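I'd like to ask you about the structure that follows.
Which chain is which? They are A, B and C, in the order written, and residues in each are numbered from 1.
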Amino acid sequence: MTTQSASTGDSANAGRLSGRQPGEAGRGRSAALLSVRGLRVSERTGAGRRALVRDVTFDVGAGEIVCIVGESGSGKSLSVKATMGLLGRNSRLETGGSVIFDGRSILEMRPEQQRRLRGREMAMVFQEPMASLDPVMPVGKQVAESVQRADALPGRQARSRVAELFGHVGLPDVQRVARAYPHQLSGGMCQRVMIAMALASRPRLLIADEPTSALDVTVQAQLLDLLNRLRDEETMSILLVTHDLGVAAAIADTVVVMYAGRTAEVGQTTQILERPRHPYTAGLLGSVPRLGQSRGGVKRRLAAIGGTVPEPGRLPEGCAFAPRCQKVVERCLSEDPPLEWQGASAVTCWEAPHDG
Amino acid sequence: MLEYVLRRLLIGVPLVVGVSIVVFFILHLLPGDPVAAALAGSPATPSVIHRLEAEYGLNRPIWVQYWEFAVHALHGDLGRSYITGQQVTSVIGAQLGATVQLTVAALALTAVIGLCAGVLAAMYKGGPVDHLLRLVSVWGSAMPQFWTGIMLIIVFSFSLHWFPAAGTGGLRYLVLPAVSLALVSVGIVIKIIRNSTLETLSQPYIIALEAKGLSRGAIIVRHVLRNALIPAVTVLGVQVGSLLSGAVIVETVFGRQGIGSLLVQSIEQKDYPLVQGLILFIAAAYVIVNLVVDISYAYVDPRMRVAVDTDGR
Amino acid sequence: MTATDLAEQAEWARTDEERSARSRHSVTPSVWASGVFLFLVIFAAAFPGLVSPGDPLVLHPTEVLKGPAAGHLLGTDAFGRSVLALLVYGARPALVVGVLCAVLGAVAGSSMGITAGFFGKIADQSIMRFNDVLMCFPGILLALLVSAALGGASLENEIIAVAVGTVPMYARVARGETMKVRRMLYVDAAMIAGLPRRRIIMRHVVPNILAPLVVIATLAVGVSIVTAASLSFLGLGPVGGVPDWGQLLAQGETNISVAWWISTFPGIAITLVVVATNLIGDWLRDRLEIRS
């Protein structure tokens, strides 16, 4: 397998940060840490109900990195917030489907039980790191808050644990950073602080909602490297949401592609990148600029996907991607394809290739 | 930080000077005859008039008069009352205590009720508490202060006999005036704090705190309050001005001693040095309060503090 | 209520969704009620004879200080005059003062602000420093000062005193908006074309900054009515003729132990007018989508 990947010279694969190959996490579906089936999130509006997330299905195994990839409006952020039970406070949103974490059904829990999981076994990191920290409290104190929630340590011990965590995430000059306020730190440092905060309770699942979207590319690479390293050191699973395929290509074991509130395709990263089964995935790959694509002096054109993403509540009959699809047939316009599993990969497409 | 404080002080000084100029010139350039007031009916021969004019410096160019006034003011001499001949500063000093008492009481009421109610209204947005407080805010700030004072007297003094209707003294004399003084300010504080709390609650870090697994109570107490109440310092500082000016009315309605009722009295009696001194005093006090508020704001909001430290501005 | 309070008066509904929800309902019931109420008040002010049960100056010496009853719906005052009639006839001075002060203050304050914003540099610095000094006088202090200097005792004096107190409300906003407009290209174009600056200001600047100033002016009507009533209450209002609402309240205070109605009703009238103008001002602000 290693030899195969190297010989295809796939530039996306060349970007992979660790020696880890897809599937080495060795998870089977029954051993999944997090199991999401048919997740739905609808909004109650004056005119009825609008489905923002229609049917999301994927697994996260122990020690696995799963990336959810989708455009804005695909419902990816809402999906992961729903798995943490964070949508409860918004009275306009309804959640349905099943989310099983470590054998326990999250959506059926009372809010108090959900809360007890958060900041302990499940932790989350957000998109705008500086805005996600309390602006009037020194960051060290905020991390200490998580530490004390997890371990109930007295002051001085909590502080040294904070220092330890900061070191773990690669923050220099620990004392100065701990006393600083969020606006005194750079975006990348704030994100490391958030990661340190999330690690305080040694979570089994770390959810990262577009953790690098607001940061520079160089910082992004460093943070992804950090996440990878942490996955190994802490035996932690990571569920990472991103709109950037490059991020998924860099660290994911499994990729979940979302379109218009639904899972379009799930599969191991190499399979997704080399043999995508859903036309949307193929379109996404085609529209990513890559180095070395101008073979023989002929520059390859970026293939944009024509059309626009449909708005929630204004979905066409049948498959949501049909209006923009190259492989559309009669059936696609009237019937919405179900998610079909084939080994480790799944796809919602009538015309998806079935290979062995 | 020190540089910031000094800068603020430096801005305050020209403001106070400007205030003194405005007060002096408005009173002196506009009609109204102080000499007639001083004479108050006694026979006015030209020589007497001349003497009085000379004594009050009224026969010299206006700028010179102002200069003399300013120099004297810096030495703590604000002139003498036309009516009693006493030093303006001592008259003010004698009456100041009652007003301070009243203003502090009203400010305490405003702060406690206004801040709590504002936060509660935001937390239970759309609920009955919110609507009730909105009513209080809207109507409270519309009711003229002299009217609320009178209404309170009618209900609580003459009907229920809980509190005295007039006079200065201990706690019992303070309740009704403080309440009627505070009503307008409470309405404004509730509105501003409610908005600030709502904005805080919609910030991204709130959901991050929920993701940390903190309980609602912990989030409110440890994080929301600290952020939402940042404008409180500024708002309360501005309200001090409102309260000082409202004291003029409330002290009159309740027959209380204080520089407010003193001001009304001195206007009626056309005792211009006293009017001048009082208005100057109140405005200068307001400037000082705002200065203190500005400086303490840097302590309250760490984001300001850093800006101050980095470029001393 | 002070000038500075008004200037920082935020709307009750802060979030954008609340704001857009409010403007989606074109007119809420409370705004309707305010509009109708104000219309009635304006009518009473214009045609008091039609609304009032009688001449307010007519004395009924036998019915002095009687409470609300069939004959006199709101009672009589110390001179036997019908409180209801006095209330109705008092609407005109109240509204006249309110509107005139709002207009005068708006013109004076906006002129200051526009001059400062348009010409910049020295004009800006000096005018705004002066405005800063004016803002150091909290509440009715400035109105009191001017009233004391003018000697009170007349409607004109009262109007001038109150109007001066409202000037700072406009200056800052006018300056800010003018500076925004000044940066627009069409102003430069007009200046290059050689148009006289006064015309540029009247033709191009003023129409574009009118909206927020109108909102402030509407809210200022309420403030002016209360300030004027306060001055009248303190004895600094016009003498003779029909007592205005503030003076009626003052009379009520001296008779407070025996005749609660003389103070109560004028106060209710003032409060209602102020609430109504505030609600309309807020509605205007929503409609014009002003962010304070």
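The definition used in the following text is that contacts are C-beta pairs under 8 Å (C-beta built on N, C-alpha and C of every residue); 3 or more make two chains touch, one makes a residue touch a chain.
Source: prediction; values computed, not measured.
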Chain A to chain C, fewest steps along touching chains: 2
Interface with the most contact pairs, given as the two chains involved: B-C
Identity of the chain that, by mean CA position, is farthest from chain C: A
Intercentroid distance (Cα basis), chain B paired with chain A, Å: 55
Interchain centroid distance [CA atoms averaged], chain B/chain C, Å: 21
Contacts with two or more other chains, residues of chain A listed in rising order: none
Parts of chain C lying in touch with chain B, wherever the complex brings them together: 1-2, 4-5, 8-12, 14-15, 129-130, 132-134, 136-141, 144-152, 222, 226, 229-230, 233-236, 249, 252-253, 256-257, 260, 263-264, 266-267, 270-271, 274-275, 278-279
Residues of chain B that touch chain C when the two form their complex: 14-16, 18-19, 21-23, 26-27, 29-32, 134, 137-139, 141-148, 150-151, 153-154, 158, 165, 184, 188, 191-192, 194-195, 198-199, 202, 238, 240-242, 244-246, 248-249, 252-253, 263-264, 267-268, 270, 272, 275, 279, 282-283, 286-287
Contact footprint of chain B on chain A as seen in their complex: 81, 84, 86, 89, 115-120, 123-124, 126, 128, 131-137, 145-146, 149, 181, 183-184, 194, 197
Residues of chain B defined as touching chain A within the complex: 203-205, 207-215, 222-223, 226-227, 230, 301-303, 306
